[in-house]
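Shared between the two complexes below is chain A, which pairs with chain B and chain C, respectively.
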Partner chain A sequence: MSKYSRYVVADSSKCTGCKACELACFAEHNKKSNGVGFTVGTVEVPVTPKLYLTKLEAYCMPIQCKHCEDAPCLNACQKHAIYRTEDKQVIVDENKCIGCKDCVMACPFGAIAILPKSEKGTFKLQKDKEVVKVASKCDLCEGIEGGPACVRVCPNEALQIIDADCETLAKNIRAAEGLYASRF
Partner chain B sequence: MGVPEIEDAKLIFNFGYNGADSHPIVQRRIVRAKQKGATIITADPRVTEAARIADIHLQLKGGTNIVLVNAMCNVIYNEGLVDQNFIDTMTNDYDKFVEVIKKYTPEYAEGICKVPADLIRKAARTYAKAPTAMILYGMGVCQFGQAVDVVKALGSLALMTGNYGKPASGIGPVRGQNNVQGACDMGALPNNYPGYQPVTNPDVQAKFEKAWGVKLSNKNGIPLTHVPHYVLEEKDPNKQIHAYYIFGEDPAQSDPDVGEVREALEKIDFVVMQDIFMNKTGEFADVILPSTAWNEHDGVYSCCDRGFQRIRKVVEPPKNVKTDWEIICEISTAMGYKMKYKDTEEIWNELIDLCPNFAGATYEKLEKLGSVQWPCRSKDMSDTGTVYLHKGKFTNPDGKGKFYTADWRPPKEVENDEYPLSFSTVREVGHYSVRTMTGNCRALRNLEDEPGWIQMNPKDCEELNIKHGDLVKVLNKRGWCITRCNATNRVEKGATYMTYQWWIGCCNELTIGSNLDPVSNTPEYKYCNCRVERLDDQKKAWDFVQNEYQDLRKRMGIRVVGKEAK
Partner chain C sequence: MRVVEIDKNICTGCRECAKVCPAYAIEGEQGQPQTINTDKCVMCGQCVQKCKSYVSIVTHGYDAYEKVRKERGIPESVKEPLFAAHNITHINEVKRALADPNVVTMVQAAPAVRTGLAEEFGSELGKLASARMAAAFRALGFDYVYDTNFAADLTIMEEGSELIKRVTKGDGKLPMFTSCCPAWVTFMERNYPELTDHLSTCKSPQQMQGAVHKTYGAEINKLDKKKICSVSVMPCTCKEYECSREEMNASGERDVDVVLTTRELAWLIKDAGIDFNKLKDEEFDNPLGDFTGAGEIFGVTGGVMEAALRTGYELITGKSIPAIDISDVRGGEGFRSADIQVGDLTLRVGIVSGLKHVVPVLEDLKAGRLNGYHFIEVMTCPVGCVSGGGQPKLLMDTDKEKAYKSRTHTTYKMDKDLPIRKSHENPSIKKIYKEFLKEPLGEKSHHLLHTHYKKGAAKTIK
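On to the complex of A and B.
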């Protein structure tokens, strides 16, 4: 098992901004609760991805949760609605969340959004008929076969899962090879 | 050249082509080429994805394409970077060409196209020195009053550097629409039979008359973009257009100056619309014929690289909905010419037998090879089509490539005091064309919906006191629309851009219909002027947008279900 939580990062030089990751993320997370299938006609609720294509002058890439080791969102949540799994992934428990937005304020990456909560194609309503909204963020497709949907669908292979441990080791090896080669 | 070769190019020169938004699947190949070490040069007034990953971005002012191309040719000529052997043995008219480009020094060009002279030099040298270089051009070249000239000038740029007839070289029109190549190949042009055989050629006329057993006209028809003229301005009733049969097209949304188009559609005596869903043109139709969608019928499709591919039915169409070809057969029969086919293969066989350049592209071959690029003249399985159109010799009668360029003609309608911004139409990923298909898809509507966006430089927004996301009014002397402001540094100050698919934020209310390229008759979608106005009462503006949209959908009979139904 990895020492650190894993997370998905995008390579801006490969991303073309096609939003396939956003749609795949939404579809995966709404298959069970909202009956979203493989065809577009099955979508009844708003498309609410857990990663956000961000396009600036020099960049274009989706931004999503980094599952921080010292997670500001988790530490800020007074309802204990954000917890860490055995795999060290940081997850929102939508049933405990009250939409107070403390996590949104705490997250330095803008990886959390407050979104309407829907089940079986209908929104949950409060007493005043206002739609229930809760925190939503990347859960690394926990419990979904094949792992993160965004990584699987990207046509340009611009997204990859990062394991910080492996990353360090790979870089150590590259650096050692470079130093070794430079002797000759 | 073929689309898959893009991945192997050593240099890609993207000119007015924004693959990421118009063809993400082609852009994927550009990204792969870059990963494999290709140099990318992009000429585009905006920072598109192709510009963002480019090694050199030539951010020219809109409407100055030919100035930039001529200047690059000028540098290549003056610095002796030409392929002289290729020019001597394979081409004509080089001297005439050189006479025109002499004037276009990088410094002279900088004054017009606003690209720094040294950057033009760098781009020209990089292009000329690449072992093989591929030019991809899109609607940023074609949708101007001066368009064909620029295509020929880009062709000449490839000629002077010998970039033809070998892998990953040449010049590729990446076309504006899916299967627009197929539409042209099949003779959906006013001057050609299928296979680019001119209607004015008596031999061709005789051949088709014999095959079909009818008398045929030897006169060119009317280009689509001339239709409003022949309805609104033509005085001779014998020359006027009285009936208009439109299929798979939504001119009331897609054509420039839709105000004029609406006037024309209202005035025409009889309009037939044949499409898969209701659209804006349908509002003017006397008869609406429902037809099948791309996945509900068989057929052949041409890719932009001249490659024929089979398309196959994957779902059953709704009952009583016929395919386009069945409808055409029945209408033809009702009008007195008995037309009957058993399937699309029978139609295709008749077609290829009448078109020498397609003669060998049988269904059997398409099945076996996946794609066959025409010319493919022999039915023998050994003729697998033509990847390089100009290999060894050019397709001109004398076998040589012809140099050509022209002097710059500025766009017809430029910025002025009343309308101080330039205005251009662009594409965005997620929605296709006029949205007849994708606008009816809930997932895609969810990602991006009415009233669309106008891309503006943040400095212009600041001057107008508008924020990102505000509803604004965009107008010029032809029309207006309401859309949202997208403040982005990806566009230059003074220039604005809108995508053309929104029904409410309808940018073709503003575009100009009267400046067509003299050869292609394509309108100047990429340049006119406009003014953007702040809307003080945002709530009222949002209500207006919502109401207009709901009314329109209701008038079109779109069944509003689930959460959307109020």
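On to the complex of A and C.
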């Protein structure tokens, strides 16, 4: 098991901004709870992804949770609705979340959005008929076969899962090789 | 006319659609909203299938969805995501016709529709829903539940006879190309007008069925053809353009009044509050809803070819084809060819699946390098109509291969399970020739079931 939490990161030089990642993220997370099937016609609720395409003048890429080791969102949440799994992933428990937005304030990356909660194909409503909205962020497709859907569907292979340990090791090796080659 | 469009307010400019467009019709800078060049667009709808840029509450706000839905004339009952690339819907025309007591509605659905429709109601990919679709049509209130598969059988009678005439009597250009796919026909007319004599003069099954609805169909049901609204459900976005072509009025009226895609049929069923998954299977109406396995396989690449060979073999040799499953013509995207022994004749056939692959074939034909071919089938969409632009749209393209395979498998299984698998053995086809059409390529057929193609310069579709 890795020492650190893993996370998905996008390469802006490859990302075209197609939003296939957002749609796949929503589809995978709503199969059981909202009866989403294989096709668009099976969707009856707003698309609520857990990563967000961010489009700037010259480039674009989806932004998603980095599953911080000292997670500001987790530390900020007074309802203990954000927890860390055995795999070190940082997860929002949507049933505990009250939508107070402390996590949104705490996250330095804007990786959390407050989005409507749907169950069985319809909005979940409060007593005043207002739609329940909760924190929505990447859970690295926890419990979903095949791992993060965004990585799987990207037509340009712009997304990858980062394991900081491997990243460090790979870069150490490259640096060593470079130093070795330049010793003459 | 407007068929396929990209909404500039929603398009992110990813140009993923441009990668799948077989006509290179999508124009724009990377990262900027795209436009469709209608001089080039063949209206196949592959961009509609590809586009993932949806109306989002995060990007566009909470009110945007309702605004876009209304702009596009989509019923309030529709809740599914809406995307930048879309086809213009005609669902309201169908709803009006169904609600009007003075209108008699006749419906037809293409073979591929029944291989995808159930997916929109949560089924696994490619689940067959032929008899259930017939039940849905009746529940929706269609007066006559007919089937494009009947006209597919009719197409084989006409196109098979035309091929035999061209091959054995030298009457007409070879190779003969199929003409069922309106995007392909449009591409040919625009880009290779000098080669249109190679196209079969047969109308597509949709247009044959439409012409028959308002003539023979009106006759046998004792109806005034002016009161008939002929509705067609297609896996295709281009079929709406096809039915609006000015020459498609052989019955004296517009032969097909309105076209819905498979996806729009699902909207219509949901809009009417019908629980599709609880419907009990029903039959199509006789005789214009009778079909064979040969008609059903029109939905997949190589299907028209296989259906034509099953009948052509018998018409030429007078004997039954030894092996009814002609696996040599089955396959996937690209260009493939086969030599089929038909008595003393070796028939050289080719199958193009995916419009991009037809260009080298046509260039070879122009340069005189395409020798020996008799018959070539061309379908614009990747693996034929089951992968059409109007079919249920996948949420994840990683499911595409499985969806195509499952819908194709379902098509061949349905063919295999049908008691009659050759078009010329369809009793209702025999009946319509006996009572009405008289003979393939006869005078009535010529008038109702055959057409001509535009030969002038490329025409702008507006």
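The working rule: the second predicted complex is superposed on the first by the 184 of 184 C-alpha atoms of A that agree within 3 Å, B and C clash if a C-alpha of one lies under 4 Å from a C-alpha of the other, contacts with A are read in each partner's own complex, and residues count from 1 in each chain.
We take it that a residue touches a chain if its C-beta (ideal position, glycine included) is under 8 Å from a C-beta of that chain, and two chains touch if they have at least 3 such contacts.
Since we're looking at a predicted model, the values are computed, not measured.
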Practice task
Put chain B and chain C onto chain A via the superposition and say whether they clash or fit.
Solution key: clash
Handout entry: Partner chain in contact with A:152 - chain B first, chain C second, else both or neither
Key = second
Problem - chain B or chain C, by number of chain A residues touched - result: C
Handout entry: Touched partner set for A:123, first chain B, second chain C, both or neither
Key = first
Practice task
Give one of first, second, both or neither to describe whether A:84 is in contact with chain B, with chain C, with both, or with none.
Solution key: neither
Practice task
For A:60, decide between first (touching chain B), second (touching chain C), both and neither.
Solution key: both
Practice task
Could you look at A:19 and tell me whether it touches chain B, chain C, both or neither (first, second, both, neither)?
Solution key: both
Exercise for the section: Please work out whether A:44 is in contact with chain B alone, chain C alone, both, or neither, and reply first, second, both or neither. Expected result: both
Exercise for the section: Check the residue A:101 against both partner chains and state whether it touches chain B (first), chain C (second), both, or neither. Expected result: neither
Fill in the blank from the handout: Superposed model, chain C vs chain B, clash-positive stretch out of 97-105, 277-285, 313-321 or 331-339 is 331-339
Handout entry: Those residues of chain A which chain B touches in one complex and chain C touches in the other
Key = 16-19, 22-23, 26, 40-41, 43-47, 55, 58-60, 155
Completion exercise
The chain C residues in contact with chain A across the complex are 12-16, 19, 30-31, 52-54, 56-59, 65, 79-81, 116, 119-125, 263, 266-267, 392-399, 403
Problem - Complex contact set, residues of chain A against chain B - result: 13-19, 22-23, 26, 40-41, 43-47, 55-60, 121-123, 155-156
Completion exercise
Interface with chain A, chain B side, in the complex: residues 19-21, 24-25, 27-28, 31-32, 34-35, 47, 49, 52-53, 429-430, 441-444, 446-447, 488-490, 562-563
Problem - Sites on chain A touched by chain C in the complex - result: 16-20, 22-24, 26-28, 35-49, 52-53, 55, 58-60, 113, 115-116, 149, 152-153, 155
